[in-house]
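Here come two complexes built around chain A, the first alongside chain B, the second alongside chain C.
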Partner chain A sequence: MLPASLDEAVTALAASPAAVPVAGGTDLMGAVNAGLLRPMALIGLGRINELRGWQYQDGTAQLGAGLTHARMGRPDFAALMPALAEAARSAGPPQVRNAGTLGGNIVTADPAGDTLPVLAALEATVTLVGPEGGREVPVSHLLTGLDPMRGGELLGYVRVPLLHAPQVFLKATGRTGPSRAVASVALVLDPGRRAVRCAVGAVAPVPLRPLEAEQWVSGCIDWDGDRAIDPAAAAAFGEYVAAACVPEPQPAGLPDSQPDGMEGGPAAAAARLRRTVSVLARRALGRALK
Partner chain B sequence: MTDAVTTNAVTSNAVTSPYGTDPQEPGSELSGFGGADGSPRVSYLLRVNGVDRPVNGAWIGESLLYVLRERLGLAGAKGGCDQGECGACSVQLDGQLTAACLVPAALAADSEIRTVEGLAADGSASDVQRALAESGAVQCGYCIPGMAMAVHDLLERNHQPTELQAREALCGNLCRCTGYQGALAAIEKVAQSRAEAAEAAEAAAEAAAEAADAADAAGPGEQAETADAADPDSLADDSLADDLAGEQFGRDEYPGDGYPVDEYPVYSDVEIPGQQQGEAQHIDHHHPDHHHPEPQADPLFGPMDGLNTEQPPAEQQYAYPVYAQQPQPEPYQAGFQPQAYPQAEYPLPGTQPPGAPEGAEPGVYVLPHQGTHQGTHQNTHAPEAGA
Partner chain C sequence: MTLPSSSGDDNNLTAPGPGVRQGDPGSATGAALGGGTATAATTTATTVGGGTLTQPRIPAQVAERGEGADGTEAAEPVGLGTSPIRADALAKAMGTFPYAADLWAEGLLWGAVARSPYAHARILSIDYGPALAIPGVYAVVTAADLRLGPTGQPDGAPSGPIVQDRPVFAADVVRHFGEPVAAVAADHPDTARLAAAAITVAYEPLEPLTDPEAAFTAPPIHPDGNLFRHQPVRFGDPEVVGDVVVEGLYKVGRQDPAPIGAEAGLAVPRPDGGVELHVASTDPHGDRDRAAHCLGLEPDRVRLVVSGVPGATADREDVGFQVALGLLAIRTGHPVKMALTREESFLTHPHRHPALLRYRHHADAEGRLLKVEAQLLLDGGAYAEVSSEALAAAAAMAAGPYVVPHVFVDAWAVRTNNPPAGRMRGEGSLQTCFAYESQLDRLAAALDLDRLEIRRRNAMSTGDLLPTGQAVTCPAPVSELLDALAAEPLPPLPVDQPDDEWLLPGGPGGAGDPAAVRRGIGYAVGMVHILGAEGADEVSTASVRVSGSQASVMCTAVDTGTGFSTLARQIVQDVLGITDVYIAPVDTDQPPAGPSARGRQTWVSGGAVERAALMVRHQLLQPLAMQFGMSPELLTISDGKITSYDGVLGMPVLQALEGKDLWATAQCRPHPTEPLDSETGQGDAFVGLAFCAMRAVVDVDVELGTVRVVELAVAQDVGRALNPEQIEARIEAGATQGLGLALMEDLVSEGGRISNASFTRYRLPTSLDAPAIRVVALLEERDVVAPFGAKAVGAAPATVAPAAVAAAVRAATGRQVNRLPIPAEDVAL
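Moving on, here comes the complex of A and B:
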């Protein structure tokens, strides 16, 4: 089924609750091809033009859930939401970015979803549209399951604040070229509130916000001047973020399975991940304040 | 639901494939999903390379790649990873390069699909395809249809891509043979030749316009036709579509091939009616029912079971000197006869080789070197027999 409007899609979903709404299909078909999913019916959201664009609304940008990653990576978008554009550009090869959508990235909630840490750092809200009408939910509540999607609901729009300040998205991958993130860091400056907001993706099932580290580092920044920061403070921020987001490499009393260190063992892997996150966070802060 | 749905994607259980909902349906077997559980089947029209192709009784979860290859016979797009990682299945969907394995075919019903078969107009390869071949971008060739689509897509958007842009455009097409240098060279070559062609066309159009002006000055004449012919835009789209329609080589359009498309649930690129279709089989060498053929004993080096640690005599250790000692016939000589190398004598099962000890059981023979083996190809060693 290919409904042409969001209302039609909601009605169609109410009529056949077993149907799977599909926008770009990149995650869904991956699961179907791997034999993990056998949808009994599909509701294609690709023809809903109202979801494929974006517009300004009271100082925020209202992004349609059907925006593809390729569209989000374009320069006009990057001028307003640079971190989101960068995440979309690094999300995958062109073949996948042309199909995969913002809404699909949120609803699938893959741990390594690239736009998710950015949306968490931006404190975006999503509009869920159901048979009873729409409701706004912070994206972090949706992702953490604090306020999950209910049956018959579709993700309509994502509201992103326009901060008019530097934003950085950095991603560590296992190879050159587009691939799944090992760890990713999104960092945005909010000069209006004199705040730094940071989120770490791919290290946990949901993007993590190191709130204490954010609060601490925003006190170290000269907001009225040239927004400079001591390099030692940036490095400490990296360590702080990594310590907040990656569990202790070696829990007290538990010996590492391979005590010789870097080669293997969960403790060594955690130590490497901590270091990765720490470097990403330090670099992200440095680039945002440059 | 909408016009598109009522006209194109009619959900219906009544539309059955020739195999019904039999779980043995070969198509479903290949794709890993069947209609046995009553999952809905849909029929729709796909517009591929400008031609409307009906798809009947397809499961909704079938990917565009599967439908193109197995139901429409367009085997250009290749199935690599089925996860959108390799780019071998790249097609253009409404002008956007897309991994066909990640598109539900039923939802591409009113999209314009362009596959690698649509690149070659008039049966001759496109400039991109020729450049890929000439630049050495093709080795095993599996990635090339997807890469040709990616290069076309890049050059449609960007007439003079930098090397970085070219690399970024190819980043979704995995090639493990050639290392991409050939493909990058092909992109440069095509961009250059297209720029030259565009310049030439512009010059020709200017010349034609001047000629037309001159003709107008001389008097109203029939010069309009030449101007029209020199205009590159005068290649009308409808004539191109007609050409492409003739170029479709879906199986159902072979003259004299009366088989419905659905009866070819095979996974191969070139199919000949009546051809035996095979599948790669996994052999479980550890399964108890699997019997290895017994390694044949080599007349020179003894049993080749990997257990024979005894060295053969020094003069038998290397095969090369043995054959080098054979008198080499002079080729291209009158009355040349290819010389037969001495044939090793293999004992038949149940007989004894020359020189076997007296009284050895039939079927169990002793080889010149070590080891006792049954003559029959059984996977059971019988060390006690004849030892």
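Moving on, here comes the complex of A and C:
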């Protein structure tokens, strides 16, 4: 089925509740090909033009769920939502970015989904459209399962505030080419509220917000001046974020008990992850305040 | 038994796709059946959709020689030492080259395998009733359907290249995660998978043995015990002590060959009760013999036809896959096709041996090596496979390409409940290269010596002894390789470049910060042995035929992507002066050429092709020489013309042939080797050695622990460059594979359960990870005993690259870097 409008799609889904919506198919078809999923029917969302674009709406941007990563990575989009653009540019190889969509990334809700920490930091909301009409849900409620998607609903739009201030997304991976995030950090400045908002991706099932660290660092910034920050404060912010988001490594015996620098084990890996998050958060703050 | 197609006539063959030559693997004739004893062929294998493609067929051979449609010949060099492009390059680039997964036969069924969810468990019962009850399921087979064991009970028909211990289906105990327990044939691939999942197996989980160090004391997990082999090497005086002593413990992870195409194949039953297997085998005769043995058939009733091989770096498939396929075909009387999922592929095919290596190097104050002590432990996984062979290489080459008067090694290969390990470029020698080269870096640091200088001071050369007592008789240009690297300018630092044009570790738009990036330079040199070792009968047979203006080569050396077919063509062009050379497809009706592994085909099969071609040449020239009244040696053939040395007399080849067909068959068998002594490790175990030196330049983000390899510079000992471009391609492939092991590739076993059997989780180097690979020298010092004087080229760069990358990371960070792949926590400061 290839509905041409969101309404048609919702109707089609209501008519065949076992059907599965497919946008770019970059997540879904992998599961189908691996035999993990055998959908009775597919509802292709690719022809729904209203979902493929974005528009302004009183101080916010309303993003169609069908926006591809490639589209979000373009300069016009990046000028307004730089962190989301950076996340989109870093998601997979070009073939995947040409097909994969914002909506698919959210619904898949992979812990390493790159747009998720950005949406969390932006405190974005999503519009879920079902047979009874639409409802607006904070993205964090959707991801944590506090307010999950209901049967027969489609993800229509994502609303993000336009903050007109620096935003950064940084992703640490295990190779130079496109790869899953080991950890990612999204950081946005909200000068209107004199706030720094930050979310850490890939280290937990959902993006984590280090609220105390955000609050603390917001107080360290000279909002009326050049928005500079002392490097020591930026480093402390990194540590603060990491401590909040990555559990303390459990030392497995003495660190020196391994011979010849054969340091290893889960404790070392956890310590490493903490350090990675700390460096990412510090660098993100530094780039935002540059 | 229903036979999908009653006759073997060629009318139901669909034409191959563009770029596929008639007779190539997967082309209609290449995959066509009906050889051997079954003259009435049962069915026809062709490629999917081959006939529906509308583009005109591009004859690869013509396109390759650069002949236009009008037949005008573009001048392309032919023969040895030139670099003609591969005959299959066009088809592969256009996506029309047929691989095993593209095979098709009328009325085929689909196979699927039921696998163990445990790394170690006892099978209490198997109930396949639920699977058989599913509509569309034709057959379920288990160990009970295979040849029975010596006691008359099913034992899963264990087989193996050296030790016969790996069952096709586990009979009583499963010993690794993903081990096959049953297989299903059904009319649809989904049905087959569903049915495989419906087979109910009652298991009693047993404690998995996954730590190779525990294998010595753990209860045996197989009746043969947990030790595959212990190989000591005792060379010199154990009491010697050096002025400087450095020690290290090194660890190498589990690399997967990760072929681009997962295992797939087609089996077709034969009227004589046998079966024809169309699979991407790299050892057709070996696999045929083992498959026949497991099926309880005479080898003559199993015919193996090699289809297009989608990637192999030595071993590719386990024979169990082929046997399961064949058994289902025999059982159902239908052709059966099976294509493994990527996850299954990761679980079943052989991996690189994970290793733990403990070293102590003694040197004098000038940095000359006195003594090397080493303890090497290879994790062979659940079954023997070729672990004892890899172990011999590891033990014998434990000290590296250096002159060391006293060497004491103990090497063990053990059985664990991890997935079986096998051959992968440089098996055994790669692991030790990482360790001994790391040790040399430590020694250089301890003595405050230049890292190239300490290697030069100890470099091996022709005439020196290996720790096995074998004299190195082939060229061993270790110093020359190091000199070539030393003379090579370094890649520029990105100082004058804007930061955003600098490809940082972590990639474009990544988290890399130029302020935290440090550059490091590392060197490594290493060696591999060529051909099978320790008395293996290395032999290959080839036939060459000349008929009209075309020559044909019949040789069952599988071109796994190594370019052997191109080489065979070049050899014949060189010897016979005929440019149009046809390479026949490979099946087991022809004499064996042995496995395409251990860098052997250039030597044995290349040698056999050359000999056969020379015999044909003699047949061609002898009568003419008589006629001209001169010896055949004074005649040359080129451009289809025979000419006397003085250019006075001449005759076209076609005329000299007088309409005759000339045939010759020849074998090539290198000088014999002997096993290593089981107590001293002494013995002339190797046919030849090849050397490679590499310089790695890396950028490291020392805060995040991310690494990008900027450049690999390679100097390699090739004996003679038979096809320089092909060699560079092999070096690029090997070096990139080595880089993958150094930085990211590791198949993770968590209590025996493989947790990253997918390409999202098992990271391979992408084009952004692959650095500039510069071949700075191909040293051509001919090996007089090798055909053409050439050495194998694929394994050496893969062996040395991990050590070179590790050395560069060490230089950039000052950290020890003792583990491969190098974890971020071993890199960051």
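The criterion applied here is as follows: the second predicted complex is superposed on the first by the 277 of 290 C-alpha atoms of A that agree within 3 Å, B and C clash if a C-alpha of one lies under 4 Å from a C-alpha of the other, contacts with A are read in each partner's own complex, and residues count from 1 in each chain.
Note that in this section a residue touches a chain if its C-beta (ideal position, glycine included) is under 8 Å from a C-beta of that chain, and two chains touch if they have at least 3 such contacts.
Quick caveat, the model's predicted, so the values are computed rather than measured.
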Partner chain in contact with A:L42 - chain B first, chain C second, else both or neither: first
Which of chain B and chain C A:M29 touches, first, second, both or neither: first
Contacts of A:R272 with chain B and chain C, given as first, second, both or neither: second
Partner chain in contact with A:A78 - chain B first, chain C second, else both or neither: neither
Partner chain in contact with A:P178 - chain B first, chain C second, else both or neither: both
Contacts of A:P94 with chain B and chain C, given as first, second, both or neither: first
First, second, both or neither for A:A236, with chain B first and chain C second: neither
Which superposed partner A:E8 touches (first chain B, second chain C, both, neither): first
Overlap of the chain B and chain C footprints on chain A, listed as residue numbers: 34-35, 38, 93, 177-178
Interfacial residue positions of chain B with respect to chain A in the complex: 1-2, 4-5, 8-9, 11, 32-33, 37, 39-40, 60-61, 63, 82-85, 87, 90, 93, 96-99, 101-104, 106-107, 109-110, 150, 153, 168-169, 171-173
Residues of chain A touching chain B in the complex: 1-4, 8, 12, 22, 24-26, 28-30, 32-35, 37-42, 44, 46-47, 70, 92-96, 98-99, 177-178
Residue ranges of chain C in contact with chain A within the complex: 190, 193, 247-249, 251, 341-343, 503, 505-507, 509-511, 513, 516, 703-706, 708, 743-744, 758, 760-761, 763, 765-769, 815-816, 818-819, 823-826, 828
Chain C-facing residues of chain A, complex: 34-35, 38, 86, 89-90, 93, 170-180, 182, 259-264, 268-269, 271-272, 275-276, 279-280, 283
